[in-house]
Every structure is written in structure tokens, then in C-alpha cells.
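Once you scroll down, you'll see the structures, which are given as C-alpha cells.
In what comes next, chain A is part of two complexes: it sits with chain B in the first one and with chain C in the second one.
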Partner chain A sequence: MSTIELKGYSGEAYKFLSEAKASIGDMVRIEKDGEVYEGGLMPRSESGDDQHIVIKLRSGYNIGVKITPTSKIERTGTGAKPTFTSTSQPTSRKGLERIDIISTGGTIASRVDYRTGAVQPALSATDLYSAVPELSELADITAHILYSEFSENIAPRHWVGMAEKISEVISAGTAGVVVCHGTDTMAYTSAALSFMLRDLPVPVVLVGSQRSSDRPSSDAATNLMGAVAVASKAPFAEVAVAMHGDFSDKAVTIHRGTKVRKCHTSGRYAFRSVNSLPLAKYDLQNASLEILDQNYVQRDRNRKLDLRTSLEERVFLIKFYPGMSDGPIDWAIDQGYCGIVIEGTGLGHVSKNLQASIAKAIQSGILVVMTSQCVWGRVNMSVYTTGRDLISLGVIPLEDMLPETALVKMMWVLGQTKDPEAAKKILLKNLAGEFSQRTVLND
Partner chain B sequence: MSTIELKGYSGEAYKFLSEAKASIGDMVRIEKDGEVYEGGLMPRSESGDDQHIVIKLRSGYNIGVKITPTSKIERTGTGAKPTFTSTSQPTSRKGLERIDIISTGGTIASRVDYRTGAVQPALSATDLYSAVPELSELADITAHILYSEFSENIAPRHWVGMAEKISEVISAGTAGVVVCHGTDTMAYTSAALSFMLRDLPVPVVLVGSQRSSDRPSSDAATNLMGAVAVASKAPFAEVAVAMHGDFSDKAVTIHRGTKVRKCHTSGRYAFRSVNSLPLAKYDLQNASLEILDQNYVQRDRNRKLDLRTSLEERVFLIKFYPGMSDGPIDWAIDQGYCGIVIEGTGLGHVSKNLQASIAKAIQSGILVVMTSQCVWGRVNMSVYTTGRDLISLGVIPLEDMLPETALVKMMWVLGQTKDPEAAKKILLKNLAGEFSQRTVLND
Partner chain C sequence: MDEEPPHRLNEEAIDIALTVALLIDAKPVDEIHVMRKIVIDGSNTTGFQRTCVIALGGYVGKGEKTQIQHISLEEDAARKTGESGQVTSYRIDRLGIPLIEMATAPSIHSPKEAEAVALEIGRLLRATRRVKRGLGTIRQDLNVSIRKGALIEIKGVQKLDLIAEIVESEVGRQLELLKMRDELIARGLKDDSFEQEFHKVSEIFAKTNSKLIASTLKRGGLVLAVLLPGFGGLLGRELQKGSRLGTEMSQRATYWGGVGGIFHTDELPNYGITQAEVEELRTCLNASQEDAVVFVTDSEEKAREALRAVVERAKECLRGVPEETRAANEDGTSRYLRPRPGAARMYPETDVPPVPVTESRLSNLRMNLPPMPEALVGQLTQEYQINSKLAEQLADSDHLPLFEEIGKKTKIAPSFLATTLTETIKSLSREGVPVENLDDKKINEVFDAVDSGLTVKEAVPDLLKYLAEKPVFNVKEAVEKLGLGMISDEELRSRISDLIDKNMALLKQQREAATGKFMNLIMGQVRGKVEAKKVSIILKEEILKRLERP
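Let's look at the complex of A and B:
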């Protein structure tokens, strides 16, 4: 028995498995405290303890079973050994729609090879089928390795690259696009693609994972299955984010690209639609898609994509806080910035001492918009004197738009036009569901 | 009948009320669709419609009743006319604890006079008793008008003024302090007072209202009653925030001053404890206090307050975003800033292109700390290369501390010492519950 076959296991867990002659990839059956767990034996990461055995259930979900003195294990079948040597595409699946998966990096792309435990920087289609065999039943997948970046390093130029690649695969006739992305800045990217991909004919679904696939609680495989299913099946043609949605592990929530936010540093349920309902929910057990917001753009493969990737990067996001000086605003004016997004307090306020600099910025042609650091809710600058004063200076209130979406939209709008009046008009137009008609109480 | 007696009413509502000879302040009984509503007739704001009548129920809560052709009204009693001419304190309530209410401004202070509809800039004790008569059963109130500011204009110097005033009333023997404050920056102020008021002997409870008291849904009176009850009864001596807690209108939630955040621009339930349970819940119907976090600092009137108000205001809060240049960090170095709080992505990340400037800042003696823009969760900079790189540059991860609390604590710590090592030590010490032992899944 070579060492790779129990990669990551040590101590008690190693002894328990080697006595049953079980290797990574084998089907095993574990009995413990009257419960039975059956699935494929998975490798552990090097940082794992020596108490838990990780198996992949038929549902595609991984669980960790803590072994006890009374636990029993049986090897019930031989696992198909992973083949990660070939980079060729597998043969086309007849009768299934073509889905393109574009890998940009992040936990989902670097770790999804959970049967060998090897850290892969990106995914070929072969890797994907080996790692998540269920994908072969969902779609005929073409995989592309575009970037291999942690998402904190994804910059506006990468958004352009992604939009161009998506345009390319749409021209080649794809039925839907999945973009594997790190979770940290996924919501900024989904907003950027929402504006860049005008008149989208098919869905573009971003997907990531909050837990790497060598952890028992990984959401990598389930999120990916959900994303591929939505890209091939969904009736909408919008940019969306597919992520673990609740505590039950049975559903993936599909969020509109302009209304989603990462709201937890580490939880699997970190992604939330803010000030709107999610677009849909995909049930992994029944393979069914439930539409939650009927007001969507219909899929139409005959629609001609209008690709608009010009961006103006000189946009500054400022979060207001008590004691903040007007220095950062003056700095932005001096540096020739074109736009400032303020994350004000409450309904859209900042302190009086910033008014002079804000006025100066607007007079010098900078577009200044207001959002709220509250995260939930809508700015309303007509309730209090402070808001009315800021409006009279020319500050533009952005309703219930998220500050992150506002930043990205400003970059995009100022890439389309530098005329302040024309820019303001586009900014206030609801282009990709970034404004909600009314605030949904969803927190 | 003078016009003031139906202030704010017009059209149908005015006709309906004047036919019943009802005036503002009178007790009325409205029958509508089989339901009966009884309470004091309240004034409307100028922006109100002509369909609703606002009454104050015995519970202290206001409701708006939409009149219909079949509605009936009866005047059941004469209201005690408000007396807002005297500025003298009312006579001391025997047998009740002394509670000091310090008014700093905000919606709760400027609008709580809901029986006349007059906009008062601040509150005398007489005003308070007239507006919320229930207070006289809860405590013997001494009222102080310290500021009259919208909270977006509350600056660090006001935190110092509040801490000094609180120290003064504690020296005078108060049993608890209530601070009326605008909601926009209330959480920043509560964090500041949490650090400035060391060895607090009695509770300090900040209170505000999300809806002004001339609106049917106002939370002003109920929040104030909850705050006064907590200040006089609570077994803990901590800085807390008392705000409307749920949809039922029956409870006020008491949040720890360092763990609370305004999470909605306009909802009454806007305040949430983040990464921790609230301290307590006050039930308005039963006048009972339920402690939710048993791990609190006990009230002890013999404890000697240690007032430490020194602050260093040159602390910069930067929210990272894709495409951000290193310019703002270089600007802070040039301006002689002493501290930088970064709101990074996810577990505490920023893009590679900022590393050189961050290193330069730290080398020049600036304290740089990391928090997360996710709001919920804990930073963990040992999981990915990006985090480890930032740690090796000297960036200090602040666990589950809120960015707003981190900013305020940095100002306070750097006011106590300028030595980076000594400052780092105080920064990482849990002084006022700003760190939680483990992340509570409370979103």
C-alpha cells in the first residue's frame, strides 16, 4: 500500500483505515453509535487531526466522522482512481447543453481536487469531471483557465478579461457560463460583469467556496453543481452568484450580481442578497430550481451581446467616520479622480466639516454619490437638513444601491462618458437590478 | 377652537376629529371594522396625509388609524395640556433611584415632544415627564442638555464632553445614566465611552429613535422607557445601547457598546449586536429584564470611575476595494497619521499592490490593524498566503472586532501611549467586550 492512498491520515484514523484495507477513493461504510455513513473515502489536509475520517456522501457533500472505540468500518468497493495527468477535454456528452466554466482562481479552483488532496491552481474539464463526477450528468462542460488569482488581487483589468472571455464563449454558442472565483471580491466582480455584459443572452453564474474541499464541511462541490445546473437550466439571462444558502446543505442560493454581498468572513452561508430577494434557489436533492424573483431578464440565445468594457478606475470609495478630516476628499481632487462614492451614515449623511471639500469636488467636475454604511436599507436625503444640504451641493443619492455596486457602476459609467450630466443619467438608470423598487426586509 | 389643537391634521381627518370636538391631547375612542382603538390624540407632522389619525396607546406606543366611511370616533376625556414653559426640574420622586438623562441631540431629543408637535432641540426633565409620563414611575430623573447635534456631526471632542459629564453625574451619586443620541453614529460613541469610562460603577445607556415621535410608528417613547428602566435596574455596569429590538414592539434590546452596529438606514430594528449576543432584553409589557449574556461587569456603586479621555484623532479608516491605489495610504503617512484601520476583504486581505505602502507605514511607526468589511465573522490571517504576508509586514489582525470599534479603540489607545509596542499590547487586550471568545452565529 503506497502512502498516497491514505494521504493526510495519521494516528488512530490511519490505523482504523489501514486495518480495513481502505484507500483514498474507495467506497467505505462506517457504523458509529447506531448511525451508518457510506461514501467515498477522502484525503485530509495536512493540518487535520487524527480522529476524523472524511467521506464524500452520494449527495456530493463531505462529512467528517469522528471515530470512537466502538466504531466499525467496512470497505465496500474500490474507488475509481483519479486521473489528473491528461489535460485533454473529455469526449462531448451527447444530448446535454454546452456549459463553459471559466476559472479565475480562489479556493474553489485551487482545491476542488479533493480525492488526491493535491492543490491544483486551476481546473481542466477532466479535473472537474474527476473531482465532481455528477457534473457529467448536468452538462457538456468546456473548461478554460483564465487566471489563477486569489480574489483580493482581482483588479478592474481582470473584470475586462473575464467579460471578453465570456463574450467569446457566448459567440461559440454556449448555453451558459460559470465563473469560478475567490469569494473575497466576488460581489465586486459580479457587479462589474452585470454592467459590462449588456443584453446578455444566457446566464453567467459566479461560484466560489468558503471552505476548501479537503475540509469535511466544504461547499466546493455542491456550489459548483448548483452553478452548472443554473447556467444550463435557468430561465433568466443575468449575472448571478451561486453560493451555499442556508444551514441545511441542501440548497444553493442564486443571487443577482448587483445585490449580493459577502456578509461573513468564514461561514458557508456568507453570501446574502441585500435589499432584494435572491433570484432563485437550486435544490440539490431534487435538482429543481425555484424562482424567487419573477422580475428577471429572460434567457434568449438569439439576443446579441453588447460588450462594453471601458472603465474609469479613478473612483474613490470613502467610508465616513466621526473625526474624519476633509483631507482624503482634497487628495482625490488633487489626484484627478473622476468619481467619489461616499458610504455615509444612516440615511446618507456626513459631518458638516466635509461640505466645503465636497462642494469643491463637485465644482471641479467630480461625480459624488451617496450610499449608506448601514448595508441594509435605502438612503433618503430629504428627511434631515444634513441630507438636503448635501443634495443642494450636488451629491447624488443612490437609493438602496450597495456601496460596492455603486463603486463599480461609477467606474463603468465614467468609462462610457465623462460628461457629468450624461453620467448622472446613466447612473440613476436601473440597468441590472441594482436599484430595488422597495426595500425588502431580508436581514 | 384654536388651530393648534388639531395641529398637522387636514382634509378628511380634520373633519372627522372636529366633528367629535376632539383636540390634541384628548383621550379618544375610535371604532373601525370591528376593532376599537383608545388613547391620546397625537399631532401629525406637516408631511402627513389627511387619512390617518395618530393615537398614543396606554402601552406608550403610537399607532396610526386610517379612517374609513364607517369609522366612528368618541371623545372620552380631556387631555392634560402640556406645559413646556417651565425649565425648572420637577419635584424629586421619593423612593425611586436617581437617573441622569444627558441629551446630545438626534431624533429622540428633537422630537420626543409628541403631544404638541413642537420641535424641541433638547429635553428638560419637565419636558420628558410631560412627553412620556411613564418615566415618573421608573426613576427620579435629572435631565441635562449637553449638546443639540445631529449625530453625523458628533466628533471625538463630543465623546470627551460626554465622558466628562457622565463622570460628573456619577460623582453626584446617580444610579445610572441615559444618553440621548442620534442613531447615525451612536455605535461609534458607545464604543468611545466604553473605552473612556474605565471601572464604571453604574450602567451608561445610549438611546435614540429611528422614527420621529410624530409618526405613528415612532419608537422614541418605548426606547426611552427601556433605557431608563435598564439604567436604574440592570445588574451590569457597562456602556450599552437600548433600541427597538424586533417586530413585536414589546421589547427593547440592550446591546454591548463595543459590539453594536446600525444595520438598517430606516428600520426600527436597525441596531444589531454583531458577533455576540445582546447583553439583555427589556420587556416593556412586564417591565422585566432578561439577561442574555451572563458574562458582564457587575454594577457596584462603590467602584471608583477611572476617566481616561485622551484621544489621538489622526487615525484613518480605509475600506479596501478592487482597483484601490496605494495613494490613500501614502497620503496618511505624509500627513503624520498614527494609525490605520483597514477594512479588508474576507478573512483580512488586501491586494498585493498595497503591500509596499503598508510596509512603509509600519516602518514609519504607524500602527496598522486589519478588520473585515464582511461585518460578521472573524479575521484569520494565517489561512492564505496573502494574510501571512501582511502579518509578516506587521499588520495586526483584530479578530472579530468591528471596524468602527477598531477605529475608536485605535484613537483611544494612541491617546494613552504613542509607543507602538505598548499600544499594540493595549489594542489586543479585551477591555470592554470588544473581542468575543467565539463567533456567535447571529446574522
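Let's look at the complex of A and C:
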């Protein structure tokens, strides 16, 4: 008996069920201590113990029945196995733009089996159409599965893989690219792609969902619709993140890839543009795109993409806290790190006792930059003595750049050049909207 | 809101549900699995209600035992507070509160029995002393089916004494629908007798006096009509008190089409629509007197949805009673709520891990089981020395925990306390006093006032009435406003002196035997302001003083 047929069961429960030749979906009758339980055999959660059998009663409720040495089980019928059937498969309308959807993981493009609750990825364009039929009205979709990773497992090498895949579909003539991504580290990826994909001809839109599609409040379908609409229609050619806008289901907000941050662990409105206005807003009711930041790079399909994927991964992000010792900085120097991003307090400060180590790092050729752990606002190291001291040591203030974006940019910059002076120049140059000239009120 | 994953199951709520299960001899499940039950009317912000079976089987009742199918623990839904057009408002303060659901087996045979079982379940839940009290905290959903009828679920019955009435009204409705089915079949109606096309009849109403139609047409809407062959006279037929087949169609049209309602020829001319317009409509649709015409006025899309629902409801008349979920009305009738959901709307809540029910947990609960309702009565009579009738009333009352609380902390006589909490409050309610304003805190304060000597127990009914009607005041203010404050011993003595002096003739004539009469006279003046015992003592002293005088 294959493991799929008794998904999630192990040890004693597995033995008990396999002896009865029962598999998931079968109707079973369990007799135990004079009680009789009848229902359909359900899969068990991987983290469940091996003592209980899960059955679905006729009322629709699931219960767990503990097996004892005297328990008996009988397979009374073959039930329907969990299946995914597409209801109708709309095909794309003629004359729509080609959009490529690259899947890297996360729950955005998934479907649920309502009896078992199992969530499976939607693998093909057909799957996507049947999960979100509205897509067929928006674009002619080509789907690619690149990775199936939770976003916490996405590493710089995946950013490289994504950039290469995007370059490939752009060469093939796509009108826009959508990247499905887990939400946790989506902003790191969007920053990385913003730097790697120079001279983008078409938009690249990252999209995810904070709530999987098995729940009525899921933002998966609406976010995906927003992302596909932006990829096909938006006048800009930048790396962007398309995520649910607010408490209601009215709009998807389009954020610039270098200015966005996940600011809530679970809310659907988790993604916020920090220190800048969002690029645009996609109104779901009217299917219309409203541009909020007019200062964007125009879409131009004749522009030639300049793909630059070299990264230096020996870059360190450090968050200062009261009483922090200089140990971590010394360690980074010893380990041969090339760059350190500090998340300082307030306007960009760390305590005095770290100054010696910071000086040592800079003298040994490590780039040290300052961002703020406040998240909102700009560092300014001319206001207080501490800031001025750090500047004189050679710490580079990074204005209103997000710490995560600074980390990714430093990896990319040091991938382009190892010369500290040249690197510093690129670091301070506004390449993908990572700096804002002025601070806007948007919250 | 659904902006955060669910927390783990509330352990206390599981314990209470398991306690109820053990009290009725149900079999707790070995492992609790939380399910999501799809509910998309807006009352659950998540779009589903989380629910789990805690135990299976068991029974309630002493003589005639009623089987219980399962006991489950659910999240309560939000309360609807209003509806206007496309917007429905909910209060979410009740959302997510643990709710115990007990489902009885289909073994209740009469309306009265249904009421008795509900009472018994209420008693049982109260016996745990751990469930919330008050109107709406125990609600009944009734499943009613008759032979050849259909299973109808009626939700949200809040008052016990409405149960029998609702069941009777539903049985009447189903019988009437069955009669109607036979008539329609006799009239030769079949599923394909209905036309597929709806008619745009806006021109007929171009100069109408109906304000609703005129304003809809002005906004760019239309009037859409459908012929219901053979339905002449049936739409106006009453199925329940005040509710006709036309009403049921209208409820369906509102639910599916989002329209305000329907017009039908059985109720016209009316609402500004003239006989001439009706005649023209009939001519236009080629309708005879045996037929009915239904029409709606709204945007084309909504009007079409609405009429589709009307035709669907009409076709269901050929099969008798359609299965549906209905909502109870205050007057014992019910209205269409939504289609009946199947077991398919239930799927696992993967964000909440299953909870094993261990033997040690069960044995712990078994050792601490609260007394069953019958045992409780015995316990109350013994502990508080009150008669068994009063104890029974207390056991059924929402105020039992309050009785015990006040009984323990004050010196107030338990029988007086029990009478107040049961009979007095009930009779105030019958007089129309809004006793729901008397929360535990208010009642507590009243008895504290008596206990501390601020007022006397005779003043309690007046105080409760005053505080229920004017809940902004506190007890002290109420005592002052009602003039129920205690009078001092000096004042009492001077009033008694005055009274005797004015009636010296009586005293001289009857001597000590006049005490009773004097007592009545003085109590008429000071009742509620001083204890009778004290009046009696001072009165006797004053009488004696005067009789001893030469």
C-alpha cells in the first residue's frame, strides 16, 4: 500500500488500517469498547500521533477514534478518493497579451480538496484558469513552475534563478511577468530583482497571498488578478509587489519593489510602501489601474534587458540593541564579511562601545552602512554627536532606504565591484527607486 | 475579522462541553477535530464557522427520553443589527464566543414535547453554572418535518414558549403547501408549463401612479414580468399567519435578486397600480383569470435574478414543500433565510491542531460533576431551608448564581431573596417593567442596601421597578427619589405619639386591644421606611406610657 493511500498515518494506526486494507476515502466501521463509529476514512495531519484514526461522520464532522488492542475495523465500502476536478476550463480570449506566471511557492496558486482540506499547487495555466476564471479575461497566460519553496527557504541563489527565468520569458516576447512567491521574504526578492534586472522593458510583478485559497477571506484570487492586470496593462516597467490593499476587498496595492515591507504577521493588508507612495492601485470592482506615483520608468518592449546577477553573499545585517557588545562585529570581520548593514536606533545611532569595532571593520575594507530600525523615516547622522562620530569613522548613511533593501543592494553592489570606493558610489546612487528625494506622508 | 489565524481551542469551553456530555451519558470523542462550516451571509467574518464534535449520543429527559445525536462546540456568529438595500450591518461582540450545540435525534413527536425537551436542555446547561444567562444565550433551531413534507430548519428561536407555536405554524404551512401541490397537479401543471422568457413591460407603467415604479424607471430601471400559469388565486393564499405564497416568492426574490420585493396580480390593484394597468399587463402576457402575473421593478440584471427565483419557487410548488432554512419571527411564524446546506459545506480547519480527550481529563471532570437539575432542587431546599416549589423555580432561573452569591454574603432571608429573584421579577416583567435592565450588579446593590439598613426589604419591589425603568440611577438615588429612606427613631416616636394623641378616645375605650389598629394606622404612614418590628416595640412603649398615666 502506498503512502498516499494512507496519507499522514504512521506506526500503529498505519498498521491497523493496512491490515483492514482500508485507504483514504473508504467507508469504514470501527468497533471499540461496545461503541460503533462509521464514516469515511480521512487523511491524518503529519504532526498527529499514531494512536488515532480520523473519520468523517455522516453529519460532515470529523472525529478522531483512538485505537485500542480490542478495536476492530472493517472496510464497508469504497468512498470517493480526494480528487481535483476542474469545473469548467475557460480558454483565454484571442487577442490578449501574453503574460508569464512564474511560480516559486507559497499558497497563492493552490487549490483545496474540501473534504480533506488538503491544499495542492495549481500547476498549469489551465489549473490557474479554473481556480481564478477571471484571469482568462485579462491575459493569455503561460505558466511555469520554477520552485516550490516556502519563502523562508528562498536564498540568493533562488533570486538568481528567478532573474534568469524572467530574462528568458522576456526574450520570448512576454508583455509582463508575474512571480508567485511566499509572502515572508517577498520584499527581499523584489529588492533583489529590482537591482538584477537593469533596463527592464516590461513590468515584473511579485504576488502572494496572506490567506490561502481554502478560506473565503482569501486574497489569493484578487491579488493574482491584480498582478496579472498590472503585468499586462501597467504603463511602467519596474519590479513591483501586488498585494491586498486594506480591510476590504476593493483594491490591490502595487508597491515599488525596493520600498515595500511586510508589516503584519497575518493581516491581508500586511504589505506597505515605506517612505514612499505606492506605485499604483488596482481597483477590483472597476478593473482599473490608478497610478499614484507618476515618477516611474516607462514600459518599452524595445528596451534591451541588462541582466546582472552576480551577488556577494558575505554581507551582514545587524540590529543594534541596548547593551550590545562589539562581539558580532568582530566576528563578522574575522569571518571575512565584505559588508555590514547596521539597523541603528532613531536617526542612525549605535552605542559608543561599538565605535572601535566599527572603525576596525572599515579600516579592513568592509563597507559599513547605516539604516534605521524605526522602519519609517530617514537616517540623519548630522544632528547628534553620535551620528557625527560614526560618519567620521566612515559609516555610510543610507537615507530612507529600508534595511532589507540595503542588505540586498549591498550584496548586489559587491557582486558588481569589490573596490570599496566604487562600491560606495553605486550604493549611494538611486538605481531602482530605493531612495526617495523627499519624505511623503502616506500613513 | 479574519486577519489572524485562529488561536487554539479554549480549554475551559471544552471542559464545559465535556461536562454536559458526561451529565447526559454521551460518549466523548477520543480526539476533537475542528471543522470549518461555510457561512457566507456575513455573520461570520471568516466566511465559515468553526465547529467540532465533542461527544456523541446520550439522552435528556426523565420519563420519555430524548436521544441526543451529538454535542458540539462552535464559535458564535455576529448579530445582525440592520439591513438596508445591499448593506447588512452586524455587531461582532458575540463573534467567536464559545457555543455549545446539542442536536436531538428526530424523535420528538409533538410541539409540546419539543418545548419540554428545550426546557430540559436549558436546565441541564444551567446546571453547569458555567453558561451565560439571559435572552438569546440559549437559542433553539427547530427541524420540522411532516409526512410527505420536507425537512425545514427554523433558526434562532429565542423564547421557549414560542417553540410549540412555531412548530404548529410550520406544520400548518407544510399542510397548506401540500394541498396547493395537489390543486396545481389537478390543474394540469407540469415543470415545462412555465415560460422561459420574461417580458419587459415598462411601457404599461409609463404614466403610473406607483411611486416605486416611477422612480425606478426614472433611474433607468425597468419593469420585468413573468406569467405563472394556473397560479391565479394561489399567490394570495395564506400559508401562515400573515404570510402568503406571494410573500414566500418575494422573500426568494429578495434573497437571490437583491430586489425590494415583487408585485403579483393576486394583490392588485393596489400600491398606486390601477385596474387598467393590471388589465393591460394581463393582455400583454396573454394571462387568463386562472393565471397569475408576477413583476418586479429594478435594474434588468437584478430583476432577471429575482424572477428566476420566483419561477423556481413556483416549480417547487409542484413538488410540495421545498427544503430550506428559515428564520423564526417573534409572532411564531417564520421567513425564508437561505437554501439548506449539505454536509459538503464542512471541511477541516487545518490551522487548529486536533485535541485528544484523555482519560485523566475525563476522570477529573467526572469527579467534579455539578448536580443534575433534580438533585439541585434537593440541595437548595436543604441548604437554604426554602420550600421545594421555590427551589424548583430557582433551579430554572437565570438568577441561581446570583441567589447563591447574595445568600452567602448577606443576612437576607433566603426565602425572601428567592421569591424576589423569581416571582417578583417575573411579575414586574408581566406588568411591562423592562426587567432586562436589572443586571446582576443592580440587583446586588438593592440587596446590599437592605442588608446595610439603608432601606427595608418591603421597599425591594419598588426599588427594582424604579431601577429597571430608570437604569441611569443607582440604588441610593432611587431610595431618595422614592422617599424610601429609613426614618429615625425620634421621628418614628413622634409620629406614633401624634397618632395616639389624636385617637385618645380609641385608646381609652379599647386599651391594649387597640394596639393592632394603631399598628395598621402607623404602618400606613411608614411602610418601607422602617422595620415593622421596630414600629411595634415603640408603639407598645408609647401606649403603655399613656395607660400608666393617671
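Please note the rule applied: the second predicted complex is superposed on the first by the 339 of 443 C-alpha atoms of A that agree within 3 Å, B and C clash if a C-alpha of one lies under 4 Å from a C-alpha of the other, contacts with A are read in each partner's own complex, and residues count from 1 in each chain.
Here is the rule we go by: contacts are C-beta pairs under 8 Å (C-beta built on N, C-alpha and C of every residue); 3 or more make two chains touch, one makes a residue touch a chain.
Not measured: the values here are computed from a predicted model.
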Using the touch definition from the top, say if A:S276 reaches chain B (first), chain C (second), both or neither.
neither
With both complexes overlaid on chain A, does A:V65 touch chain B (first), chain C (second), both or neither?
second
I'd like to know which partner A:H52 touches here: chain B for first, chain C for second, both or neither.
second
Kindly classify A:S190 by the partners it touches after superposition: chain B alone (first), chain C alone (second), both, or neither?
neither
Quick one: is A:G327 in contact with chain B, with chain C, with both, or with neither? Answer first, second, both or neither.
first
Return first, second, both or neither, reflecting whether A:S23 touches chain B, chain C, both chains, or no partner chain.
neither
Please indicate which partner A:T174 is in contact with in the superposed arrangement: first for chain B, second for chain C, both, or neither.
neither
Chain A residues touched - chain C or chain B, whichever exceeds
B
Scan A:R268 for contacts with chain B and chain C and give back first, second, both or neither.
second
Contacts of A:K319 with chain B and chain C, given as first, second, both or neither:
first
The shared contact residues of chain A with chain B and chain C are 264-267
For chain C, which residues count as touching chain A in their complex?
1-5, 27, 29-33, 35-38, 40, 45-48, 51-53, 56, 69-70, 72, 342-350, 353-354, 356
Okay, in this complex, where on chain A does chain C touch?
35, 42, 45, 47-49, 51-52, 54, 57-66, 112, 114-117, 119, 211, 214-217, 247, 264-269
Quick check: in the complex, which residue numbers of chain B touch chain A?
150-156, 159, 183-185, 188-189, 262-267, 270, 272, 313, 315-317, 319-324, 327-328, 331, 335, 343-353, 372, 374-380, 384-386, 404, 407, 411, 439, 441, 443
